[in-house]
Structure formats: structure tokens, C-alpha cells
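We just call them A, B, C and D in the order they show up, numbering each chain from 1.
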């Protein structure tokens, strides 16, 4: 198993989460500016074995692994990931360029494990492929919409986000911009969330294609002075009367829970009943950062009656929304298709 | 003119705004715990004339004025304001208890000056009355909905707020609760905004009654680590196709602008075209804190096509949303009915 | 073992740290307003055994324990702690009232374990007593001064603090006071630190008395917008030439390390060599919050030459500076005098 | 009068302060990346006359002015400023490279106007020169030390700073670094403050040379999450007994006050008597950002008795500490030597 771009902020988070992984063993790492150095010169706190790895170029010919994680920056991810896939590697990426590719499954393991069929024939014939994970703002929304859509048929969603600083990477947001302030815009985000969510909730048709869902999704994406944890305020309209949405959310589980995958939280969705939760600082580490916390569930009101639902959700953007989500996806792939990491 | 509860945080803001007012002259102030002291002992930075005023009890018999401003805390506002009105005073309040009273006009001077007819007969016969101003979160929303409703017919609104710390008063929100955090709940707010907005946009019927508007309004009210300025993210659906909403918002003016009232901003709504505005810290003082700043206007999308609009708005919660709004209301009243302050 | 005032913020931290303690078992808890309720009604996340404890009055006759921890608020600590001591209890307190009592040892286990001799005769004759732990701002300063004083003789200290919000308790500092701000004053703190530090570094004379050290200590105590972790900037002058202060600090250990007490960090002082450490958010959990992190050590300069030292230190104010420090003190007492908790 | 680097953050602050200046008229501006554009394309909110200026290269041959302000970044300031001086321009700079040059006066107009004699002969012979203003952290310290040194003889200073984000420029400090944190290091700052302060308080000898003062100054420079306003905690030791330091500080005035220079505050030092002032957010705009606010004055204590003084001071780092300080210096130069801006 290899980690591309391992010396960046997110790359280091992968190494941290993988250092004691029961299935996966990092045998190669790549970087951009520090090629030839030992990983330990960049990350002195890693275990000895990892520190001794040499940082290589992000080039398929240099890497001795089957599966690669790609937390590469958007600018280079597109081409590099394609090269690796063409060279026969299994690429799991949390970068955005290939998410909407028709031959790349976009996966949240609890939601749409069957989308992996898209790459099944390539897998069996030993060819490479790309499996993508969604944007950090999409993840929590899609996780909560899945059981609600299954139960009540979601027709329309209005989502307003309160996104954490770490979502912008490092150095990211200047402190002078965000202190005593909110920034009511995050580039590209309001387009990604609807497209990705509808792909995630789409139907896999005949093993070859994903027919996206057709929920109308309106987003407003905003940056707030919070370190980690994306909070989202959701309004939705359903096809059918909404009954006991709390139970529908709280009892939702998926393949990772059934298969007891190592990084799977026991509950993908945790419901809090206090009237002022979820809160980023208090709830972001729920389920080791892998659970989405939902609160303030309220339905009904207005002429729309029992076909309207409002709630807040919180997801840890750099764990479930990045490295953790990708690792869980790799675990699902490994388990379903009996691949060693 | 008197200010009740003048020694509280909001009371002092009234005194600050009134100290050089061209029409109104503060001749009496009341307080709770500091009765008998000179105002200057509490507020040493006020002009000499104000500093020398004695702090009196909030009792009608002690006050030698015609018009009183009431920034009293909710707990005492209800009874005290009623007593003053019964004793013949003209009460302008930004407290909540009487806002929904059927005989109390709820006023934003640019929106519904005709609602003052509700108190016209009492005014002419020398009787007292209460005129209320809305909640600080309602104000900006209602100001922007008014021209949009007149032009396109607003059917449904989903509003998510990012509210400032000063909205909770002092000491208000503990720093341990809000540092590196968002609190997704503000007590009572999500109920007040729909009710007040529909009253503000309602029709005055036969001089006696307000028939509220019937817009479906869904709110999510949240506290963020910002000192002043309520930011709101708005989604709305209209009856008619939305065409050039930017112009509709920007060119909106009302009676205060036509009458050139002293506290009226030249534009009730200022539109910013940058993709990351309005921002609380940068925009809250627009129009001396009396203008609502709108940005990120985007319409269309989804099946709803041209009958959907999204935007952000920002209103200074302690100026337009409290003292400033009440003073502008008093100016309107004074001008329309030729009352000296 | 009992915890007085267990339902307050600090009380709950004691319960959290004690819930799996290898030596101590909480058998009684007291509270103020919630007497008669089960602890689980206040703290639903505690283990079953603790949740089932009944909250009792803070009265000696109600408590069935030998040792009591007292995180009581200052206002009630003085009298309540005295009552418990008179009734024969061993009281360990992190409250301030008894810290400077001549018959109460003030203890940082690594610094002055021999001060416990003050209570030895009472202990042996089965009488009660009070053992105090220092102010959260004193702790880190005293821990770093001890080895420096032993090696070089500290003559004068100028300390400026950057103290965390949690040091003010809850609700504590209003967010409106600290957002985009620093508050350059904390009541009482600048007097406590010199007095307590000199008592801590004092000599135990003939088993009966503490002769305080006589370091001149000048403090400036300030509140900053940080959740946990008191940062202090220290300047000091010594009697003797300062040589290799880094080694003196880093190699310092005390009785807790030698006795391998359960809550003892392996290093009381951790030295960081980066030029921008220690930082509150990055370093406060060093040694599980029990280590003091020192950085930016620089000596020499000016006419004072090699008898001047400057450094920064960081101590977790609610762990080492409160509950953790008191529990470590109890562990020392238990080990030295063979007491069961 | 010209402003070099006028399109940067500090450059725009100069334009803002100069746009209605009674003496100085900006006739030329220079920039780096935007040469050839109109100033109005970069700064649409400036008055018409300024908006129409063309942005030129920072080259002496392009500039038609006598006096130039240089808020250039350190990297280019050294060479560019020298070129302008050699070409006969009067350069006023707030950049650091030339501050310690033996032939460049370092000026705070209230402190050392006589240091301008260093450039008097060049001025009279029509040659160019550089006049520097100090680092934003030096300014407030030096202003308060001047009257204290004159009255009591300052021997030693220990200063710990709480510096604002704007001191690091834009984008400056990443929000991820400073949220819930303090950064205990600012590169170069701890060396500049002692050197500059001693030059500022130095004696001008025979019109040719500055003999620096010899106060021992120990600094600890720290970044906190505050937008504007550097707070400093000061400890000092004096030669003589300190008597009524409050009066000494409060009554201090200098040439700018005597000459009634346009940007001079009526009081260079404002003393606050509350025990929790100065605070950055509340006090930074004192005297339009040109006054230094001092509080928490306390003397005596320890063996050092009445020869020790402690206090806090606050100075607006981008006004008095940058553009405002440079403009006041230009005003002094213009008045003393009868130069038109």
C-alpha cells in the first residue's frame, strides 16, 4: 500500500491513521519537493518503520504497491491518478477531479457499496481503476439523506453550511479574514454538493452505469472560525409523510457495520436530543470522527405539513470527510474483493 | 422624551444615538438598581446635560415626557410598557412582549408605515399606546422580503442565521461555549421570525386590524463567534418568475427616505456584487449600521426554475435591529403626526 | 474516597479522572443544589457504579470516607474544608483559602514532598488535616523554578501570563469581553503566584514549619481567547552563572517519577527546541496534561550577562493545575504513608 | 508627494489617511504588479482624483514629487529607498532596513525631533535622505519610556508583548495557527525593539551622530488572536525613586502637540485607571489610533522597593505603528524645515 503526496497535511493524516492499521501496511510514500529524503525528516513522530521510508516521486514506475491512497492537491490529482490507474494500480482518492467520472465509483461505504460493481470487471482482470470519495461537505449530508430518502422519498433539500477552517487546507484562510467574521462563500462547493450527493444516492444500473438520483439540492456554503467539523443546517421536503425520522436516522447501518470493518463506527449516525446540539467542538470526535451527529430534528409546520423536515448535522471534515472516509472505502474494497492492502 | 432602562447595555446605546439628535431631547431616564444616582455615575462619557439627569424608577408618575423608548428586558417589559401606555404615554419598544398584540403596530418604517393607523385614533384622542419594533433577526429578512414580495410574490422562505454575540446581551454567551464552536440554537428565535415577518408584511384592514401575510417561513437560528452583525442565508420560492432581483432590492426605498428622516439611511438595502460579501465585520456599519447589505444573489436552478432565489443578507443587530430601528420609528411617528419628541 | 462539590465543572473532571483509578474508589459525592438526586441524573456519561451514587450534603456526618477531594468554590471552601479536617478527614484541596495556612502543606509532588511532614503527626494520630495544591498559574512557574533554583539560585522573576478561559470557571468570561481582545487583569492572581511559589520552594524546618523562599517575583496576569492551557513568559535573574539550563529543566524528576505514581508523567518538564513552542493548542496535552512544556530558552544578553534567563512555559490549567495535580498529591500521600484511598 | 507600494495593504492605509490631508497631496503612486493600471481599479473607494492616478514603477525617474512615503515590503525597501534618496528624494519609511543606519534618523516626533539634525545639511543642500520610523512594537514602549527615563532614569526593562494579527501583514498568520492558541514567537522582533528603543532615546551629538541610550531591554514577543492593537506588559527598574509615574506619563507632550501638527493626538499617552485596561478592542482607537493607552500602573514591591514599575500599554500597530506615525513624522519635517508636501 502506498500514500501519494504523503508529506502534505492530509497525507500525514493518512500515515497517522494507517500506522497501526490491522490490514494495511504503508510500504511506499511519494512527495513533491522532498523526494529522496527519509520520511522521518519530515515527520519525526511517526513509528520507526515509517520514518525510514524514502520519499519517492509520484510516478507509477517507482511504486511497489497494489493499492494507493491519493490525497493529492486538485491541481495534480487529475493527471497523476489517471497515470496510476492506467499502470494497473487501485487508486482510492479524496481529491475532486475524478469524482464525477462515469467509470469511477464515488463511494461512502455505508451508502452505496454496490457502486463498486463499476470497477468489478477491471478488478477481476487485474486492471487499475479509480475509486473516489466525496467532498467533505457532501459526506454528512449524503449520509443523513440516504435513510431518509429510502423511507420517505426526498424531493428537495436546502442546505446551509458552517464549514471549518481545516477544510481550506494549510495555510488556508488568513486569520485577518475570519476573526470576528463569517465568509459567506467557498469556491466550487455549492456545485459539488448537489452533483455528488445525487451520484452517491444514484442507482447502479446493469453493472455499468450510475443513474443519479434527482433530488433538487440548493446549497449555501460558508466558512466560520472553527478548527474542525462541518456543521450543516438542513431543510428538506419529501414525497411521503415523514414519520419518526429520529428512529430512521439513528438505526441506520450499512455494510461497514455488518462487516465490522476496522474503521467503521458502530453508528454512522448518532442522534442527540438536547436542543443545542450538534456543536462542532463537542461532537466532532463522535465515533472517533467517523460518525455524523444529528440534532434539532423537527418536522411539520407550514402548509407543507408532514412532508417537511429540518435538522442539523455535523461531520468531521478531515476524518470522515477525507482520510478516514478513504480508508474505510479501501477496507470495504479489500473485504468485498479479498484484496490485501 | 424618556428612556426606560437607560442604564442597561441597550439603554446606553439609545442615549449615545440620541445625544445629538436634531428632534429628540432626553429629559428623563429610568433604571432598576441605580435609582437616585446621577446618570453620569453610570455613564461618565455622556455629554454634561445627560450626565446630570437623575435615574428614576420606571414608573409613569415619575416621568415628565410624552414619548418613551423602552429597551427593557423581556421579563419586565410587558407590564411596565402596559402601565405607561395606560397612563397616556407613547411607548416605542424593541422588547418582544407586545409585538404580536393586535392593537400594537409592529413597525419597520420603510416597510409598513401605514400600520401606524392602528394607533391613530388613540393618538388623536391623546391616549397612550405601544408601537413595537421587530426582533433583530426578523429585521433584515423582512426588509429584503418586502420588495421581493411586492414584485414576485413570496410563497416560501428557508432562512438560516449566523447571529452575533451581542444579540444575546451582556454577559450573554460564555466564551467557553463559543470559542472554536457554533451553537445551533437560539431560544424562541425560530418562532418569532415567521410570526413577526408575516405581521410586518401584512395588510392594514380598515384602520383597525392587520391581516398577516401568509408566507411559509422555516428558520434555523445559530450563534457564531462574531461581535456584531446578523448574517442570514436565504432561500425563497415565489409565485411569479423572478426577474432582475438585484435591481428590485437595490432601488427599494420607503417613507423614511422620502421624508428624509434624520436616522434614515439613503439606501435601506445595499447590494454587493463580490462573490464573498456580505461579511459581518466588513459590512455591518453600512449606512451607519442602518442599511441591510445583500449579496450572493442567485436565482434559478433545479426544477423550480426561475421561481427560486438565494441570497445572503447582513443587518447590524444592535443598531438597525434595536436602538436605531426604534429611533427611526419614533422619527416616522413624529413626522407623520407632527409630534415633538 | 469522596469528592465534595462533585457536580460542578471541576468536580466532574475529578470523577472523570478517578473513574478508572487503580488505587482510589469514589464512594461518596456531595453537591449543593442537587442533594438527593442520583449522580447519573447530572452526569449521564459516567460508569454505572458512579451514576448510582446519591448526591449528599457537604457535611462530614454524611460522608463515609477517609480521604476527600475538595474542588469547592472559594466562597464555601474555607469553612467546609475546615469542618471536614476537624472531623478527622484527610482533605486534599485545589481551592485557595487554606493554601497559605501555616499548618497546611502546599504541595506539588515533584517539588516539595517533604512538606507533608507538617501533617505527619496528625496523620499518625488519626487526626484530620488539609493538604492544598497551588493556583493553576503558580504550578508551571514553580515546577520550572525548582530545578533552576537548585542549580543556579533564582533571585528575581518577572512573569507575564497568557491564561486560558477555563481558568475562570463556567460561565466565566463573557464572549463579548474576549473576542478580538485581551483582558490585562485577573483578580488576585498577581498576589497569589509570588506567595505560593515562595512557600512551595520553601524549606521545611524541624518538621513543623515552612520557611518560605525569598525570590522576588513580579507578575502580570492576562486572559486570552484560548480554551485550555496557561502560557507564561518568564524572565529571571540568578545568583550564579546559568549553564545549560535546557538540561537542568529536561532531566528534572521528583518523587512521583521515582515512585511511579499512577498519574505521574514520565517527565515533569518537556523541552521543545522549535523557536515557536510551546503553544497552548499544540502542547497542552503533553504527558496527558500533566507535563509542563518549556521552550524558547535563551540566556545571557545585556549587562547581566550569564545570570539572566528567559523562557516560555505551558501548563494545562485544569489538569496539572487542578484535578490532576490534586490526584497526584493524593497518590503521593497514599504511597508515602500507606493510606488506602 | 508620492506613495511607493501604494497598492499594498499598508499603502492603501496611507492613501486613506492622506486623502483629505490639509498639507500633503498625493500626486504619484507606485506599485509592483499593477503598473500602468489606474489606482481606481485597485481601490475603487478612493476619491475621484486619487482613482485617476496611474500606477507607476517604483523608480525615481518616474516620480514627480519631492517627498515619498515608503511602506515597501522589507525585501525591496532597502535598495529602492536608497535609490530614491540618492536621486534627491526625501524618503519617509516605516520599513526596517534603514532604521539602524547611522545617517538615518529614527523618529517618533514626540520623542526625538532633534535627531532630524542628522539630515539637516543634506536637506539644506537639496540632497535626498531617509528618515525612518520604528517597528510597531517599539513605538508604544519607547513613547512611555521617554518621560519615565527623563524623570527617573530607566535602567532595565522586561517587556512581554501580545501582538495583533495585522502586524504580520496580509495574508499573514493562518487562522489554523492562531485559533484557540497563542504563538510565542515573532521573527526578529525581540532584537529590533531593544536596538530601536535605545536609538530613539539616544542623544544627538554635535549634529552628526546619535549616541544610543543604554537601557537593558529584554523582550518576549507573542502573537494573539486580536485584529489590531499591540498590548505590552512592561516591568522596569529605575536609577531613582519612582514618584507619581501616572502624572509623568499623562502630562507628557512633545513637539507635535506644541506645533499642533494635523495628525498629532492631543495626548500622546492616555492613562486609564480601571484595573482591566488597556484592552486592544476598547482602546486601540484612542486619539484616532495615535495615542498610546497606559493602565495598571503599579510601583514598588520586593526588595527593589520604589525603583520598580509595572504597567501595560496599548498602541495601534497599523496607525501610530505604521502609516500614522510616518505621516506625523512628515508633518514634523515639513513644519520644522518649511517643506511643502
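Basically, a residue touches a chain if its C-beta (ideal position, glycine included) is under 8 Å from a C-beta of that chain, and two chains touch if they have at least 3 such contacts.
Just so it is clear, the structure is predicted and the values come from calculations on it, not from any experiment.
S.K.: Using the touch definition from the top, list the chains contacting both chain A and chain C.
M.R.: Common contact partners of chain A and chain C, which must touch each of the two, are B, D.
S.K.: Is the C-beta contact count larger for B-D or for A-D?
M.R.: A-D
S.K.: At what distance in angstrom does the C-alpha mean of chain D lie from that of chain A?
M.R.: For chain A versus chain D, the centre distance works out to 49 Å.
S.K.: Can you check how far apart chain A and chain B are, centre to centre, with Cα atoms defining each centre and the answer in Å?
M.R.: Their C-alpha centroids are separated by 42 Å.
S.K.: Please set out, as single numbers or ranges, the residues of chain B touching at least two other chains.
M.R.: Answer for chain B, listing residues that touch two or more other chains: 179-180, 225-227.
S.K.: Considering the complex alone, what residue numbers of chain A touch chain C?
M.R.: Residues of chain A touching chain C: 179-180.
S.K.: Can you list the chain A residues touching chain B in their complex?
M.R.: So the residues of chain A in touch with chain B come to 156, 158, 160, 162, 179-185, 216-218, 220, 222, 224-227, 231, 233, 235, 275-282, 295-296, 301-304, 308, 310, 312.
S.K.: Quick check: in the complex, which residue numbers of chain D touch chain A?
M.R.: Of all residues in chain D, those touching chain A are 165-166, 170-180, 225-227.
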